[in-house]
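Chains: A, B, C and D, in written order; residue numbering restarts at 1 for each.
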Amino acid sequence: MIRSTHLPLMVTLATFVLAYALCASQYPAMLSTRVVANLLTDNAFLGIVAVGMTFVILSGGIDLSVGSVIAFTGVFLAVILRDTSIHPLAAFALVLALTTGFGAAMGATIHYLEMPPFIVTLAGMFLARGAAYVLSTESVPITHAFYDTLQDIFWKAPGGGRFRLIGGLMLLTFIAGALVAHRTRFGQNVYALGGGAQTARLMGVPLASTTVGIYAISGGLAGLAGITFSLYTSAGYSLATVGVELDAIAAVVIGGTLLSGGYGFVAGTFFGILIMGLIQTYIVFDGTLSSWWTKIVIGALLFAFILLQKGLTWATTTRRKRATGSAQPS
Amino acid sequence: MSASTPSLLKRITPQLMILAVVLGLNLLVFPDFLDVSFRNGRIFGNLVDVFNRGAPVALLCIGMTLVIATRGIDLSVGAVMAIAGATAASLVTEGHGWGTALIGALATGALCGLWNGLLVAVLRIQPIVATLVLMVAGRGIAQLITEGTILTFNNEGLIRLGAGTVLGIPTPIVLWLGLGTLATLAVRRTALGMLIEAIGVNEASSRLAGINSRVLLICVYLASGLCAALAGVIVAADIKGADANNAGLWLELDAILAVVIGGNSLLGGRFSIVASLLGALIIQSVNSVILLSGMPPEFNLVIKALLILAILVIQSPKIGHLIYMLRASGPESLPERQRPSTTPREDAP
Amino acid sequence: MRHRRKMTDQPPLLHASGISKFFPGAVALDEVELKLYAGEVHALLGENGAGKSTLIKCLTGAYRRDGGVIRLAGAEVDPRSTAEAQGLGIGTVYQEVNLLPNLTVAENLFLGHEPTRFGLVDRRAMTREARAVLEGYGLHIDPGEPLTSFSVAVQQVVAIARAVALSGRVLILDEPTASLDRDEVELLFGVIRQLKEGGLAIVFITHFLDQVFEISDRATVLRNGRVVGERLLAEVSRHDIITLMLGRQLEARVAERKGGAPGELLLQVNDLAKRGMIEPFSLNLHRGEVVGLAGLLGSGRTETANLLFGAVQADQGRILLKGREARITSPREAIAHRFALCPEDRKSQGIVGDLSVRDNILLALQARQGWMRPIPRSKVNEIAEHYVKALDIRLASLDMPIRLLSGGNQQKALLARWLATEPEVFILDEPTRGIDVGAHAEIIALIEKLRENGMALLVASSELEELVAYSTRVVVLRDRRQLRELTGAEITAENIVHAIADEQQGAA
Amino acid sequence: ADLTVGFSQIGSESGWRAAETTVTRQEAEKRGIDLKFADAQQKQENQIKAIRGFIAQGVDAILLAPVVATGWDEVLEEAADAEIPVVLLDRTVDASDELYLTAVTSDLVHEGRVAGQWLAEEMAGQPCRIVELQGTTGSSPAIDRKKGFEEGIAGAEGLEIVRSQTGDFTRSQGKVVMESFLKAEGGENICALYAHNDDMAVGAIQAIKEAGLKPGEDIRIVAIDAVPDAHLAIANGEMNATIELTPNMAGPALDALEAYLADGTMPAKWIQTESKLYTAADDNQAVYEEKKGLGY
């Protein structure tokens, strides 16, 4: 059943399909499996972190620390795998616990000290990147055999596209994220928080555990994205993924989630990620844009998407309002 | 509406205290910190540097305070700085005078602000997204103007704006103090401040009460654009060149931080420009501690993060409340029953 | 009767004693005692700001109380959050609708106790059950739609249904009927009676004394945060209760006939309309006239008011002001033409919560003067203090944020805001919603006085008695259409009801 | 048909980088090569995306100016798989050298060493308190140029780095940090400044002037890159030395590529560009005029 509430999702999906068709009509090579596989592989870490960001934004918050947490995770893994003989899986568990705890701590600060998320996570952003610097300023390669094993897992599609493990991991994260958001009590509480914290409190939503949980998820997924990124680059680098939080926010917003909280879908974020990836692929295929025009075009496309979404939503909601104008008790 | 002096003083006490503590830290790592001498026709010293180097963020946070008071945010100010600097530089290298360059830069800043304002007030796009567009594209526009190079210039008039002095005081200090005073007077001696606060708290109510919220919102973003443009000119003049790639990079975050350290709520409403300016000084003092301490640069961010975290935690309403409670239960405490037991936020229906 | 006395012999189901609550500069509750018995409806009465809502919030963990003990079925309990209170079987409808606009009706209804299957929320079952529950309240709506697609009344019913579902032992209703129509009130009372039979203890807060006497067994009366009495309602009169609440007699006002001839013609509205919202609407308004807008919920009264004030833009029709065409496309322009509108939804459209009471009162006047000409401080204080006194607004200080005032006092402050602009055409949308009996009488008197001074008023209200009391003419609306006009002696509650009902029959 | 070459550039974070882009475009044009340009905005992930995009497009060769040394194995393997030769510009990578055709780079450590040795010679045994303006923390030029400089002055008695802080490779940070150095140490106690790039040095020169000292005389200044403004400063006597990092990496790279594609000539694995030292002895004014048009 398609409901009016699913509208933004439909809009995003339609936008993506339309944009892809346009790109493909100009560069037929964009239809190759390589491009499809690249969209998944290259955006895997961004997708994973955007799932966490979706939760945060649905609750009306924001998490600026994720880019730094990804960098920290990479450096941490690289350093620990270089300096100790610990198995990567154990290191993964350790770093996930660390980043989840970091997120939870930020959530607790936000809730108990009543500080705005923007600022708390901004401090978190400085802190995580600072910690990465302290661990190592140089980029540290990861040479563990287990990494090679993981990296060699891929399915080579006809046409040369390689569907890699991390792309699959992203898809799994999205599925899990969607389940948690739409089919659990915690997910309902997240939406409730986004609808209005005070009202949610009066309705009996446990604000503390929900807030802490949301930021813990975001932190944990940033950790997972960090692991993904380290698999992607086989290295840890403290200057990596600067500004990724803004990319993630943009993807979430393009995916139809309202920054003010309460409205949106995890699946929408998936298409938001794909749209952003598509923009970049298109620019590479074009190959004539100078550095500055690249920035301007990205900004302009971002604006175009927002405008398109705004227009479609506006057009359909005014119609809907008229249609259901008189829902009266009988 | 127009805050009287004692209430203003009460409002900015926490910021003053924190500033004093951070300056104290500076003194700790560098005992001659407070020395001010007169050299080369200008006052000279670390304290002067704090005021001078704090100028860009201070200028930005004047506009940012107003934007945040309307429950908005302006992420584009860093990019606008770059655009304005590039405009000024390209105008003087084309042979125009510094006055034209300044006006040109301010006009571009105003244009950027107008663009943001239209997106927010007319198209009703959420501020953070609306200004993200210009944040992403703006630096590209600036580079388009300079063609990716650092556009250097020798126009004495323009350089004086960034590196010159007025009566021995570096021009940037004069500019931000002047503009800060002007802005404070403009919002507090007129009804502007209250009207801005009103649309920040409840725009629907304000519109029904007859406030032209659309125009006011546009004006606020316009002001932010102008402040950013001025900051951009100063930064360019300071290094005698427009560095489109780096001018104002990530400075929007510092400006927002300054506003929050100034005790203003990101949810809009009551605001104080003076407190924000103190916030900018606090941030610059933190930077100064880092520079003077001589620690290796890889610790810069950790130190900054921890100091800022400490400042914010101290300022958090919850902690303030706790301190109030502790003091209340001290020897000369109020009678048991008069203790407030909820912070205002909890009491919102 | 004997039945009830016997009940009192049992220990109370919920016994709160010595409940105190202090706010900076105010004692909201002072050692309040409340006894609730199983199977009774207990009315909590008091003037605006007496502390009723605060007491409820303290009992249900929304506020931390500063003192006092709560016993539930003999055992001491201390709910620290509303979730805990719900866990104890206390379901609450707080004042103003407290539901989440971004969720669907079903989600609102089941938030926190969603039906699950294999650990996952079972959305299908949720929608199904929600539909069944709401049908029990006479609501035949699609629970999968967002809450905001429905009117305030529907939302209020959803809130009640939610509280009922959560209340195993105690149900608390804080002004649930403020935005309900008579029919829905009847439905609600039916539900309350059923629950009472089932042994629930029910707290009912309202300013409608008729409803109090209709449904409640007992009443506790608060004044200035203290309990001034507990009465069996069967044993007291309406008059006694009012005297107890106000601490003084309410002079019975002589219902003087508002005969005074209307003054010059001020406003002519010709076929003003907006598609999908309101059908063409015409009206002549003279000085010294009060035109009442009557109708059922959703009949379009609020829309008419908003249209006139320019808060929504008309797509057809003209407005003539003193014979000259006036273009009104925004509240600003309306205010410039000396219009004023006191909106229905004071929380989201009226108050500016974080600003001080003083700023709130002066807001419209200042906005009209323009930002360049600030009103001098002394004048500001003079105006604010004048209205605080004239309207008897209860506050700790003019500097306190207006959101901290009780609901009724917020309403008065809003009236003050518009009176300060000295309007010629004053549109009031539900001016007495949530206002206590004393203030109610005062506001009616105020409307009367404004009319006598030559103001033209347009008042939309769901309270027929009130409309009858002050209107010189009544326009009846239905289905967003102007039906007919009643004048002079025609204006009685029965006639209005008939006007609506007749047409309904005609239409059916 | 014509050759299509993809060029994954780091970004446009500095004047030098812009010049490299300009020169690369010029060199490609000269040879009639269709250059596909992708700006990665300082992000490695964008560079990887760009390379994958080039592969999907089926370009004939790829030029890569890697933002960081690590993390290229996987994508380079994919390129090798698709039989697209990759040439690295201005930095090598930590990957098997079978994965790329050749690397055209300068030696960052060597540059630092030249700077250090120059200063050691200049001081001729006198003690010297040096302040250092580092590049962006964590970037490989910052790390290597620091290392090289320390090696360069290691033998010299009395040469000592007393303060070292990052100036983020930018003029304005260079100026700000230099100001704090001047105050923290006292201008008269600083004998030399070593900056990891010329932009920071140019900013620092202004700070020194504002403090009432003479850059180039009171404080010796050596930096790296040899951007036009540095030549100008040397010509004006405000700076003492700079080491050239040529923006023309693409010329040798494209030569090697063309040779390889024509008849399979394997170039050397490392084509090192010259790190030429410029001092007041050179005709800096002339070099300045020459370089001005390159888009620095």
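We take it that a residue touches a chain if its C-beta (ideal position, glycine included) is under 8 Å from a C-beta of that chain, and two chains touch if they have at least 3 such contacts.
Predicted model, so just to flag it, every value in this text is computed and none were measured.
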Per the touch definition, the chains contacting both chain A and chain D are B
If chain centres are mean C-alpha positions, then the most distant from chain D is chain C
Rounded to the nearest Å, the gap separating the Cα centres of chain A and chain C is 44
In whole angstrom, the CA-centroid distance of chain C from chain D equals 71
Cα centroid separation, chain A vs chain B, in Å, comes to 30
Chain B to chain D, mean C-alpha position gap in Å, rounds to 34
Note: chain C residues in touch with at least two other chains are 94, 98
Flagged in chain A as touching 2+ other chains are 133, 137, 290-292, 294-295
For chain B, residue numbers touching 2 or more other chains are 143, 147-148, 298, 300, 348-349
A full list of chain pairs that touch reads A-B, A-C, A-D, B-C, B-D
Per the touch rule above, chain B residues touching chain A in the complex are 73, 123-126, 128-130, 132-144, 147-148, 253, 256-257, 260, 265-267, 298-306, 308-309, 312-313, 316-319, 343, 345, 348-349
Residue positions on chain B within touch of chain D in the complex are 30, 32, 39-40, 42, 44-46, 49, 53, 143, 147-150, 152, 163, 235, 238-241, 243, 245-247, 288, 291-292, 294, 296-298, 300
Touching chain C in the complex, chain B uses residues 1-2, 189-192, 194-195, 197-198, 201-202, 204-212, 269-270, 337-342, 344, 346-349
Within their complex, chain D touches chain B through residues 12-15, 17-19, 21, 134, 137-138, 163-166, 168, 170-173, 175-177, 179-180, 183-184, 199, 202-203, 206, 210-212, 229, 295-296
Chain C residues touching chain A in their complex are 62, 81-83, 85-86, 92, 94, 98-104, 107-108, 111-112, 114, 116, 119-121, 123, 137-141, 144-146, 149-151, 153-154, 157, 162, 166, 183-184, 187, 275-277, 297-298, 479-480
